[in-house]
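Consider the two complexes below, in which subunit A is the common component and subunit B and subunit C are the respective partners.
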Partner chain A sequence: MADKPIEGEKRVFMTGNEVVAWAALAAKAEIMYGYPITPQNEIMHYWTRMAPKFGREFLQTEDELSAGFTTAGGVLAGRKAFTATAGPGNTLMQEPMSMAEAMRLPVVVVVQQRGGPSTATVIYSQQEVTMTTMGGNGEGLRVVYSTATHQELFDYTIKAFNTAWKYRFPTFVLGDGYQAKMRESLTIYDPEARGVTLLPAEAYLGKPGTPGVDRPPAQYRNTYNVEEELYEVLQGYFKDYEKMAPEIAEFDAFDTEDADLVVISHGVVSRAAKGAVKELRAAGYKVGYFRPITLRPLPVKELRALGGRTKQFLVAESANGQLARLLKEAAYGCPVEMLPMYKPGVGITTEEVVARVKEIAG
Partner chain B sequence: MSVQPAMPKSWRMDTKPHKFCPGCGHGLVLKALGMAIDELGIQDRAVFGCDIGCSLLSWDFFNVDSIQTHHGRTTPVITGLKRANPNLIGIAYMGDGGGYAIGSQHLVNAAARNERITAILVNNTQYGMTGGQMAPTTLPGQKTETTPYGRDPEKTGYPVQGPEMVAAITREGSYVARGTIANLNQLKGYIKKALQNQIEGNGFSFVEVLSACPTNWRTNAEETWNMVEKEMPKFFKVGEIKVPGAGKEGQENG
Partner chain C sequence: MGKTVKVLLAGEGGQGVQSVAQIIAEAANEEGREALYIPNFGVEQRGGVSVAYLQIGDEPIGAPKFLTGDIVIALSDRAVHRTRQYVGPQTLFVYDSSIENIEDALPANAKKILAIPALDVAKKELHPRVFNIIIMGAVVKATEVVSEADAKKAIEKKLGYKFEKNPKLRELNYKAIERGMELVARAM
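And then the complex of A and B:
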């Protein structure tokens, strides 16, 4: 059996789904549970081809409820476990993820967004932002990384396992159908060779010793008898989450210092925004670029600072204001004006962003 | 008069007396399970998963590592756990609503995939925790909160035959039985075989247990036992339905 899936570094040209499978291997994920749904299928296809060569496991489940709950089971057994889904599958995935939040299970989920509502398109959207950040009956106690490039899909899939196991909140990598299906160049690497420490998994259940004899039994519940009991537990979780937030919140920004208008976008749309801001700057417009990489938690401090000194935010997204809603909450009370550029379920080009900014500038 | 038998060694004493209603069947099922765990000596590697419904009250019942899951989702949680660490003995404990209604797809598919887990399903003919609504196992004519004039099979079907269904979709190697709280020794034997079958890695193991819910049945002791011993067996045949290596299916014992 081969030892390491990737020796050193390798320049490759592959689809995003293939990248995710390689990243999970490199992150030492031990088992994937999954259910077919487009556009994430090839993550399973590549995983099932490669996993046996490295002693990793796979289970195809009966639906996404099962995929999520079996992944939780894998984590409880002390394995680095993950699943991948999209669209209506992500809807079903929210139930198991609420249990993962309640029990602080470091489940990793890769979401390749497709159009919504309902079956919609199998192609692309950014319409799973609200659901992925705040889904389930609960308080959004999870981490969501929104990737823009294949390199990031690789980097953040590896990072997701570390974040999940360090802080014990379910962690999502939020991609989309374009990233899933498109081919792009990137460098895949052995994270340990780059000095990245891969955190070990730890069993919740089935540790050595006889419960009640050698150690107390490990017993986890998600039901509480009275309101106050739940309230107490949640206060602890919120405290942990608030402490974690500034440690893990990530963003990318440039040219914001003197900007009158800052284009805010996330994921693959930020590539168009980046190109547009560079082009507009070259043409003398005072525009800036800001992109949250973590959608949950958001880089709130930076956003508020930006919202305090910038006249306008132009929020560009392939959804009808799902990112904008998060930004409005984060920047509440800041004097900045928020302008929409919403194209639900449809891609956004550099030219379109340039045209929209020029239109606003008059 | 017999002496009150000792509690199973695997029971967690500091959570006793348990939280079920007086006269509830759950305590008896969990006693049989506790004895089976003791006799097999698997307290150190058993993992007990309980569903939502009255079964959720068992989350701290044993001195066994335990996980309380969601309504209907114990089968996939224990499946995922067992797949990730086959050395553990996974027990999925659920009610009839969890197993036959909201989680039926999980039961069917875990059985069809021959997952090496043991599922124990408590059949008390209705939803206990939510206040006594019709379940897939409700008897024809039985009054529940959602069938106040009695279950009409024309409109809502007949009681689901769970073990028979599981037996029909599993291959050689699985163990399927229906026990009853009216015969604890036999029930313990079934549960023990179901666990042994998992230990040996043969295949999916399933035990349905005819149980009692005097609270929602609104029955006194005599009426409760009449229901368990006389009414329920009219629709649910007690016995072993599938035994590995038996050569033929349909073996029964009393």
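And then the complex of A and C:
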């Protein structure tokens, strides 16, 4: 059996789905549970092709409910487990992810967004933002990384496992159909050779010692008889989440200092926004670029500072204001005006962002 | 450093536009350049116009799709209709000369329009199976995003295992690349 999936570093040219499979291998994920759905199918295909060579495993379940719950089960048993899904599959996945929030299970889920509502298109969208950040009956106790390039898809899939196991909240890598299917170059690497420590998984049950004597008893519950007990448990979770949020919130920004208008986008759309802002700057427009990398938690401090000094935000997204809704909550009370550029289920090009900014500037 | 070249290829399913775009993207990547290729895809397995978006440059590529191509190549009647929207005043529009009664549908605003007899050459001179490789030659010449040698190397990488069994296939594919390049050179 081969030892390491990736020795050193290697420049490669592949689809985003293949990137995710390589990243999960590099992150020492032990098992994937999954159910096929376009456009994430090839994550499973590549994983099942490569995993056995490195002693890793795969279980195909009967649907996404089951894929989510088996992933939770894998984690409880102390395995680095993950799953991948999209669209209506992500909808079904919310029930097990809600349990993962309740029991603080570090499951990792890769989502390749497709059009919605319902079956809609198998192609592309950013319409799974609300569901991925706040889905399930609960309080959104989860982490969501929104990637823009294949390099990030690799980096953040690896990071997702560490974030999940360090903080014990379900962690999502939010991609989309474009990232899933397109091919571009990136460098894949052995994270440990780069000095990245991969946190080990550990079993939740069967720890050594006498419960209540040598260690706290292991009580992993998603059911409570008394309102106050649930309330108390949740207060602890919120405290943990609030403490974690500034440690893990990430963003990317440039040219915002003197900007009258800042284009805010996330994921693959930020590629168009970045190109547009550079082009507009070169043409003398006072525009800036801001992109939250974590959609949950958002980089609230930076957003509020920006919202306090910028006249206008242009929110560009392939959804009907799902990112904007998160931003409005984060920047509540800031004087900034938020302008929409919503194209639900459709891609956004550099040319379109440039045209929209020029239109606003008059 | 040149600007990013945007290429749109469209044809019927089976004409090989996706494999052409992928091979060129891989060849550019092998040269150390930045490349991004994305197919259109939907629920249909057959019957739709197949569109490939290809971008090659020296800087990391931005948005995966674009509104206006530098080079737009349409290989069927329906593909001409589908791709007109991607044509602007700087666009080189290439179509196959075997498409009949298409004159009225050709984009009026292109910088230049080229008709190349790729299908004819494939059928009569070479082999219908290398039609897509002729198109690849045409794209290589029209865009100059990769060298002829690297284009051949990329084909070797893709089909080398078949060439091992039948060296004549290599000759046929190389000939197809060369003919595709010639067709564009002549039409220019």
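Miscellaneous remarks
Going forward, the second predicted complex is superposed on the first by the 348 of 362 C-alpha atoms of A that agree within 3 Å, B and C clash if a C-alpha of one lies under 4 Å from a C-alpha of the other, contacts with A are read in each partner's own complex, and residues count from 1 in each chain.
Going forward, contacts are C-beta pairs under 8 Å (C-beta built on N, C-alpha and C of every residue); 3 or more make two chains touch, one makes a residue touch a chain.
Only a predicted model underlies this, so the values are computations on that prediction, with no experimental measurement involved.
When the two structures are aligned on the shared chain, A:338 is found in touch with neither subunit B nor subunit C. In the superposition on chain A, no contact is made by A:199 with either subunit B or subunit C.
Once chain A of one complex is fitted onto chain A of the other, the partner contacts of A:233 are absent, as it touches neither subunit B nor subunit C. Touch criterion met: A:69 reaches subunit B, while subunit C stays clear of it. Contacts of A:300 after superposition: neither subunit B nor subunit C is touched. Put simply, more of the residues of subunit A are touched by B, taking subunit B and subunit C as the two choices.
Look at A:181: by the touch rule set out above, it reaches subunit C but stays clear of subunit B. After overlaying the two complexes on the shared chain, residue contacts for A:57 are found with subunit B alone; subunit C is out of touch. Annotation: subunit A has no residue touching subunit B in one complex and subunit C in the other.
For subunit A in complex with subunit C, the touching residues are 13, 38-39, 121-123, 149, 177-178, 181-185, 268-269, 271-272, 274-275, 347-352. On the side of subunit B, the complex with subunit A involves touching residues 10, 12, 43-45, 47, 52, 56, 59-60, 62-70, 73, 76-85, 87-88, 105-106, 108-109. Residue ranges of subunit A in contact with subunit B, taken from their complex: 30-31, 33, 57, 59, 61-63, 65-66, 69-74, 76-79, 81, 95-96, 99, 203-207, 209-213, 217-223. Residues of subunit C touching subunit A in their complex: 22, 25-26, 29, 34-43, 60-68.
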